[in-house]
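The first chain written gets the first letter, and so on, giving A, B, C and D; residue counts start at 1 in each chain.
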Amino acid sequence: MKSVADKEAAMTYTQQMLDAYPGEINLDRKHLAAVIDALTTCAQVCTSCADACLSEKAEHLPMLTRCIRDDLDCAAICATTAAVLSRHTGYDANLTRAQVQAAIQATRTCGDSCGEHAGTHEHCRICSQVCQETHEALNALLPALRPDPGAGADPPSQAAPQRRG
Amino acid sequence: MKSVADKEAAMTYTQQMLDAYPGEINLDRKHLAAVIDALTTCAQVCTSCADACLSEKAEHLPMLTRCIRDDLDCAAICATTAAVLSRHTGYDANLTRAQVQAAIQATRTCGDSCGEHAGTHEHCRICSQVCQETHEALNALLPALRPDPGAGADPPSQAAPQRRG
Amino acid sequence: MKSVADKEAAMTYTQQMLDAYPGEINLDRKHLAAVIDALTTCAQVCTSCADACLSEKAEHLPMLTRCIRDDLDCAAICATTAAVLSRHTGYDANLTRAQVQAAIQATRTCGDSCGEHAGTHEHCRICSQVCQETHEALNALLPALRPDPGAGADPPSQAAPQRRG
Amino acid sequence: MKSVADKEAAMTYTQQMLDAYPGEINLDRKHLAAVIDALTTCAQVCTSCADACLSEKAEHLPMLTRCIRDDLDCAAICATTAAVLSRHTGYDANLTRAQVQAAIQATRTCGDSCGEHAGTHEHCRICSQVCQETHEALNALLPALRPDPGAGADPPSQAAPQRRG
């Protein structure tokens, strides 16, 4: 049986930071932490995959240019999406939703691109897998990213603000 | 009357780089350059506005926390969108479109937030104006971000690739 | 006793990507992976801490503006440093060393700033701890970031390139 | 003779934001604005150059992998340095100096890499030129980035804070 200390030790820093947030968060914190961690991992893996592609043999390079481009886009988009999801002050569901949808598309595009080379290049296989996992985590989060129903009188861009108590 | 040399001198580096791109670009290069420059300017102005807000007097700070958050999101989203629009190799209309839509939302949200303080804080007035200009530039680009109709047999994430000749 | 499968499962994706890199890496891969993972965690925690500060009560905000600024710098610098350390193609020891030194300074500055509020704000306590851990990991890596001695004839900015076999 | 309105119109948004900053800035604002604008331009040009390299003919790709890597590092480092220089709240000369030194190294490394291909690829020629201009602008700023002499009693990481009046 796990002690409380073990459980705390097993919490990622992302979860600990969500628990330390002084305001309310309209999302399940454990789920949100898992999505943020998936996004930061995906950004790192895509950055690494782009570089690994650049070190492949000359004859492979022409087939990898699209993959490198998709890696770079996916890395930037996942890092930005992780930052947006890490902020809860003045939460705006429309903005969050739009950026998450961009990340859903980027992880799909990059996962597909790397997937085409999964049999030849191990870094593409790993990257494709991480993109797919992140894609699924983002899709599972999407339904929760709705404007606060109580914020009906606000203009759309002002939906669901979180106020300090 | 301006000489050709003057005109070239007046081209931004962004335009010069688009002209030097060795492949095809499915978008109007002058228009695209203007959007990329608007996005990089907006990212810089939002970063500055967040910091200027932090240096306002203590009694103003509580009203500015939402504005700071929106500045930070908008800065990250505009920088990422500029990078995506600066890449043409393996162009994917779906990914580009999704990220541009996130930037359209972010510039609206941040423009509205800063607009509420435009009368009190000059940095918010400038930032609101730059967000609006960028928002309009992005909206004007959106209709051009369509999947290549000739790419109909491709899966959605593979739309409109640009191949080297 | 752990099976090979368990060991593989325990490897972070960062380690797996380093193992999948097709060229040589002049650094200890396990150590390097730990530093990259510390940097990506630190970037995420600093982003979260800046936002958590923004949601503190009005009377605390004026004491937290410096901390927020340091959080934002540290987040950006750690993310960039993680990306630089994730690239091995055309490795340049001088560039890597300079960026790592910037991250050493940023994690110290931010760790100190957050440390001043560790007793009052749990998010600052966690952030200060993560900055310190990352600072130590970077300092331990620094001695390994030397120009390749065999690259003596190269100009300084060209030190220690990694060539494909 | 230029009217005041013309002069204002000619100011970049970066200058306007520095003028709107509510606190003190220990640096020449016009010079600082020029450096920030050089850095954001350099980040954009390096991002474009990396992508243009990827679209070069197959036989050129192996010679360009180092250049692509240097472009990506330089883009990330310049963007981060621009953000650090755009923040003045709680200014820390040591942190700023360290990040500027990393950018000085990155623009040198990337300028040299792209310079090797300036005769073959126009995008590399432009990128090399922009890197050199940015390198010189950063070097000219460096002497001004000294800790505030009046901050002698502070620990090094706390040098030259800017307080609101």
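One rule holds for everything that comes next: a contact is a pair of C-beta atoms (placed from the backbone, for glycine too) under 8 Å apart; a residue touches a chain by one contact, two chains touch by 3 or more.
What you are looking at is a predicted structure, and each value in this text was computed from that prediction instead of being measured.
**Q** From subunit D, which chain is the farthest off, judged by mean CA positions?
**A** A
**Q** A-D or A-C: which has the larger count of contacting C-beta pairs?
**A** Looking at A-D and A-C side by side, A-C shows more C-beta contacts.
**Q** State, to the nearest whole Å, the distance from the C-alpha centre of subunit A to the C-alpha centre of subunit C.
**A** From the centre of subunit A to the centre of subunit C is 19 Å.
**Q** What whole-number Å value describes the gap between the mean CA coordinates of subunit A and subunit D?
**A** So the centre of subunit A lies 28 Å away from the centre of subunit D.
**Q** At least two partner chains per residue is the criterion; list those residues in subunit B.
**A** Residues 51, 54-55, 58, 62, 65, 68-69, 72, 79, 83, 87, 89, 164 of subunit B each touch two or more of the other chains.
**Q** Can you check the complex and tell me which residues of subunit B touch subunit D?
**A** Against subunit D, the touching part of subunit B is residues 13-14, 16-18, 20-23, 36, 40-41, 43-45, 47-49, 51-52, 54-58, 75, 79, 82-83, 86-89, 121-123, 126-127, 130, 162, 164.
**Q** Which part of subunit A faces subunit D closely enough to touch in the complex?
**A** Its residues touching subunit D are 50-51, 54-55, 58, 61-62, 65, 68-69, 72.
**Q** Spell out the part of subunit C that touches subunit D in their complex, as residue ranges.
**A** Those residues of subunit C that touch subunit D are 62, 65-70, 72-73, 76-77, 79-80, 83-84, 87, 89-90, 92, 94-95, 98-99, 101-102, 104-106, 108-109, 112-113, 155, 157-158, 161, 164.
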